[in-house]
Amino acid sequence: MSRIDPGIGAAGEPLPVGGLPRRRAGASLLVGAVLVGLVVAAALVSFVWTPYDPTLVDASSRLQTMSARHLFGTDKFGRDVFSQILVGARTTLFVGIVAVGVAGVIAVPLGIVAAMAPRWFAEPLMRLLDLLLAFPALLLAIMFSAVYGGSTLVAMIAIGIASIPSFVRVVRSGSLQVLSTEYVLAARAAGRRPVAIGWRHVLPNVSSLVIVQASVAFAIAILAEAALSFLGYGTPPPVPSWGRMLQESQEMLFTAPRLAVFPGVAIAVAVLGFNLLGDGLRDRYDPKLEDRR
Amino acid sequence: MKSTRFVAALGAALTAALVAACSAGSSTNPNPSASGGGAAPGSDKLTVGLVAEPVSLDFTTNDGAAIPQALLYNVYETLVKLDQNGDIKPALATSWKVSSDRKTYTFDLTDKAKFTNGQPFTAKDAVFSIDRVKKDWTTSLKSAMDVVADAKAVSDTQLQVTLKQPSNSWLYKMTTRIGAMMAPDGIADLATKPVGTGPYEFGTWNRGDSISLKANPNYWGPKPHFGEVVLKYFKDATALNNALLTGTINVIGTVQAPESLKQFEGNSKYQVIEGTTNGEVVLSFNNVKAPMNNLKVRQAVRYAINHKALMDTCWAGYGTLIGSMVPPTDPWYEDLTGLYPYDLAKAKQLVQETGVANTTLRLRIPTLPYAVSCGQVVKSDLEQAGFKVALDQLEFPAAWLTTVFKNADYDMSIVAHVEPRDLGAVFGNPQYYTRYDNKQVQQDLAKADTGTPQEQITYMKAAAKTLSEDAAADFLFLLPNLIVADKGITGLPKNAISESFDLSQLGRS
Amino acid sequence: MLLRILRRTGILLASLVASTVLVFAFMAVLPGDPARVALGVNASDEAVGQLRREFGLDRPLAAQYLSWIGGLARFDLGTSYISHAPIGPQIADRLMVTLWLVVTAMVIALVVAVPLGTVMAMRHRRPSGVLLSALSQVGVAVPAFLAGILLITVFAIGLGWLPANGWTPPDQDPVMFVKQLTLPALSLGIVQAAVLTRYVRSAILDVMREDYIRTARAKGLTPTQALRRHGMRNASIPVITVLGLQLATLLIGAVVVERVFVIPGLGSLLLDAVSNRDLIVVQDVVMVLVLAVLVVNFVVDLLYLVIDPRLQVSSR
Amino acid sequence: MSGQRVLQVEGLDVSVGRRGLLHDVTFSIDRGERVGLIGESGSGKSLTGLAVLGLLPEDVHARGTVALAGVDGNLLELDERRLSHIRGREVAMVFQEPMTALNPTSRVGDQVAEAILLHRRCSRGEARRAAVELLDQVALPAPAEAARAYPHQLSGGQRQRVVLAIALANDPELLVCDEPTTALDVTVQALVLDLVVRGVTARDSALLFITHDLSVVATVCERVLVMYGGRIVEAGPVEEVFRRPRHRYTQGLLEASDLEQAQEHTRLRTIPGSVPPAGRFPAGCVFRNRCTHATRECETLPPWTGPSPEQGYACFHPAHETAQVGS
């Protein structure tokens, strides 16, 4: 007699100790999606409708409190805060998309290449990226925007570049896993060209990792924009930006605290939304990791 | 054992944590009386909060208003100084005479003044200082001394200065930093150790934080009340307010967030002082470049701006509306605000007429609080009149100086011209960034400088009026001098019309 | 193990050299003339040219680079274009300030995050754990400067317990130093604690699922004992990685909080230098920051060696 | 049935939420007795082992009684502190995966010594010496040096011996082994099995040996419990059960592993279908959806047939004399 053919019971995995179906992962995903949806909805609505022109200065209606006419009140320029929050959502999303876009477009191919390339190439590449990680991204963004001035875009590209290393790392380790699977080995054995393998097999399989990482990077970019705007190096006026609204509200913190509350909450909601979304997606794609971060 | 290993791994951090936690705990012990920091009542130390720390203490090689703000009249003295009303008063020179051809000035100097390095101040030092401006200064301001033909010491207490031609502005300029009197052996380390004859001597400089000035024990004039005055520098207005509210500072020297004054005005612990400055906030035009070279376009801009509303929104209603480049403290001031009243219909009509609506005007502003604030209002106002405006924020100083000031690559900008009597500098020189070239104005200015004091007033008035009528720029408003201080601090300068934040009169009631 | 340390040191040195080139190249492309800013707007071209010669800005870039790193190698950071003061002592002062702030914040973060994260992990299925976890998510979403503003509003202006801003060196007035350090360190620390808590939680959760924890419990250790004796050390490996990254982020992230609390740290020195186009100072500060981050990474790698015996024998 | 009873499990039900994982598991083990628990993956045998040690995950709930000699009361109702005194002293466990069962950052000697220190009053030095001795007992070469090694410096077989040493450190009444050799090389398997048997024999401990490997059971155990779908479907002396399996599942299990048939070039027989996921077994006879003999009758739960819980089966259509017996 010998050991039982594992074939008979392969499908029935033993109950993993501690790994039972969880309801929380779904909750993060749901709450995250709702919060992000809120921000996206605000941005979309602002394209077709805002109660007032968010940049229209009106001295006669300055510093009004919350009312039916001005839902969130007005600022010292008499601009409608609610309208500014709506349009500010656009800025926030724009910022995230640029930063994540820059990082993604560069980092995803780089990560796959780093996984597939021979060691003499991949090793120095990863070291170089480590070095990039050591560069003070926020400060470089400040310098960029100080020097080239007047544009969030420039600063966000800097933030995007700064998030490349972590992106590459994630994509590379995911790609290495995919590359060691049997069907990729088979494809390699069959003589498929590396580019085709990268495109057909690796990319689709790391896409979930990329989405998770993008969600996290999105939140980081939003925080960075808020910080830059707060310092006066971010989105230039009069384009509404939550970070700058917060900064402008400073001098009236005691006389009109609501001017700080609305943008502050908006930033927190957006960041929280993207973080939760990232966590939820991670749990869904990789249940074993539960909620890291 | 594992536990000991774990301690080894994280031990250092945790021990540090405990220590810090303990000390942090003790510090949060509520003790409101001690939160006043070093400026508790009864001590003779005063802390003044200011914005923009100087990068160096050497104004002979570094431009920037922060250096004379801290040092002039306080550490360095001049022969003559400007008082709160804009009049020239004796300082190190107890009296002076002007020759009838108005080219020779004879100053009688005090014999009591001593430099803080121990040397007595004599006419030789005055000659040295004047000559040094021409010889060794590198900033552009040195040109004000070009008119001097010769300076000589008649005796230890008498100085004679001969000008190449009569100049009304020269004596006035002697009240600014170029008139600062320095000692020949006190200039070795101007950037970090200034030596002067003033009521205060330079103490220490915590870079990035504060400059401390100590009362000069050997001062020749009335001794200052405070033994030490600390000038503490802040990056933003809110931090300044918070510092005053929590007793870290006693005085906000220049309020940069006038909206926040509301919280002090009703509070009996504080006093708010409102005065005027020389800072005309100018919406400047690039007068040689289309479309701003068109008078009608410039007029349209001036009609489109609701100055009262602008001052209300962006500077909380503080300040003075001016119709030209002259503050009310100058002798040739004239109310010209009626020349271009707010008239949206007229502005719209002019915009239509000139077809300027098809051009996007670049409003390139420096990253300064008043400019950022006013820029948004100006843009909104102009767009109401049918203009198209792109608002560009350029980092101040570097980016703005290069783009707007040096290369005149702009259509409109907003900047406060804070130098005293700067009409001529801003609009009399076609090379200046306003690129304003008006022969009439230039002639009037020349006549004003070389003429008698009465002629000076007449010609300056004429120049100011021409300027305004020709819409060489729009004059948004005059920056107010806003000071908030603990109740009981006296002698604070009401008006900021000299280059100095004059600390010599400070006291406590 | 020795081989590993040598190898790691080699990487550190190579990274340093590479980063000097990167930093210098970056500065070289920044527009804006320091000489002109120093002299003011009306300065003549001759005067500007003279000052450029004085600074050595007229030399070829390669020569400028070599003289810069030559100075660095001798710990001479050069002289500021604007203030004409030596840069080294200035940076040292500012770095000390930033380090005090950052290290205190880090300690606060650790003291909060390690126990909290552990509790969250051990109760991750119970309502209390889920609630804490949700709270930490909110904490992560709050920008540090916003936390700073709130703290100032409540504790400085509202309650008057602590000064709203400012900085006093510890040797000048230790009491004031601690008072002024508390709020900024808290506002940095709390946000970092929120982030760190989540990492601690997931590291502990991962570890609790490890077989050796089950072995330990089968030996007769309670879950808490098992975690303390066998889990913590292993969980500390990923946490230290994050700690290193956070320390690096904080060195830079401190700049915003430094602004809110008017603290003369490295970040504000850099911001000032940028706006004055004091490029040599900018270059030095960025270099110091990069160096600090590289050193932190190096130390983290060495810590791995201490903690994880698996790395001690084989050199990869 | 002779000798003193060490473990008595009665009516053990284990569930997660509303999903039942173990049903009415009843068995006992006497001092010095070696009992095998066999079944496919997912049959619930590991859970049974964990339940005996009280090591079930937090959200897994157990009902019934688990009684251990020398311990008052039901193990399932004891608090964590009491349990921790029992674990490692009265009852110990060896796990399936030696590669991960040891703390990678701690020396193996310390890990063995810890088990001793936890339950005995002795100095650290004594514990360490005892640990070396234990390592010697499990035939680790150069035990003194091995004690100073970290787990990663040992092979899988060596590590499993360390785990065994930890388990035997306090001469437990009962040793539970959960597939201790599955992850090991065939050559090492025999050695480890031998050490397990020698270890329990020397201490006169009871052994619950969980495995899916019938041959291992045949060599190690005297008695066997067959588990499927969270239920014990058959029990009896090894000889008896393997010669004359009564339950159709046991029969299938034996046929599937019958090497001689395979040598006759016939296709290796397998049990049709696959094990359903935990908690998704059919009502009635848990095996009926894979059983070729199943009838309507099997939709009700087959009763236990046999003289005692230690011997018998639960099947309506037992394989009597018709059972094929491997000779």
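The first chain written gets the first letter, and so on, giving A, B, C and D; residue counts start at 1 in each chain.
Keep this in mind: contacts are C-beta pairs under 8 Å (C-beta built on N, C-alpha and C of every residue); 3 or more make two chains touch, one makes a residue touch a chain.
Protein names from UniProt, one per chain: A = Peptide ABC transporter permease; B = Peptide ABC transporter substrate-binding protein; C = ABC transporter permease; D = Peptide ABC transporter ATPase.
Just so you know, these numbers come straight off a predicted model, no measurement behind them.
Between C-D and A-C, more contacting C-beta pairs join the chains of A-C. Among the remaining chains, the Cα-based centre furthest from that of chain D is the centre of B.
Nearest to the common centre of all protein CA atoms is the CA centroid of chain C. Centroids of chain C (ABC transporter permease) and chain D (each the mean of its C-alpha atoms) stand 52 Å apart. Look at where the CA atoms of chain A average out and do the same for chain C (ABC transporter permease): the two points lie 22 Å apart. Between chain A and chain D, the centres computed from C-alpha atoms are 49 Å apart. For this pair, chain B with chain C (ABC transporter permease), the centres built from the Cα atoms lie 37 Å apart. Across the assembly, chain B contributes residues 1-2, 5, 236, 395, 398-399 that each touch 2 or more other chains. Listed for chain A are residues 17-18, 146-147, 250, 253-254, each touching two or more other chains. Counting partner chains per residue, chain D shows two or more touched chains at residues 58-59, 103, 105-106, 114.
Residues 236-238, 241, 257, 259-260, 262-263, 306, 308-310, 312-314, 316, 367, 372, 375-377, 379-381, 391-395, 398-399 of chain B are the ones touching chain A in the complex.
Chain C (ABC transporter permease) meets chain B in the complex at residues 31-33, 36-44, 47, 50-51, 80, 82-85, 90, 93-94, 103-104, 106-108, 110-111, 114, 152, 156-157, 159-167, 173, 175-176, 178-179, 182, 185, 228-230, 232-233, 236, 259-262, 264-265, 268-269, 271-272, 275-278, 303, 306-307.
By the touch criterion stated above, chain A contacts chain B in their complex at residues 55-57, 59-60, 62, 76-78, 145-147, 149-150, 232, 236-238, 250-255. In the complex of the two chains, the chain C (ABC transporter permease) residues touching chain A come out as 11, 14-15, 18-19, 22, 26, 30-32, 130, 133, 137-138, 140-146, 149, 153, 157, 195, 198-199, 201-202, 205, 208-209, 214, 248, 251-253, 255-256, 259, 267, 270-271, 274-275, 282, 286, 289-290, 293-294, 297.
The residues of chain B lying in touch with chain C (ABC transporter permease) in their complex are 1-3, 5-6, 8-10, 13-14, 16-18, 20-21, 23-24, 26-28, 30-32, 34-35, 37-38, 53, 55-56, 58, 61-64, 138-141, 143, 191-192, 206-209, 232, 234-236, 239, 242-243, 245-248, 395-399, 401-402, 405-406.
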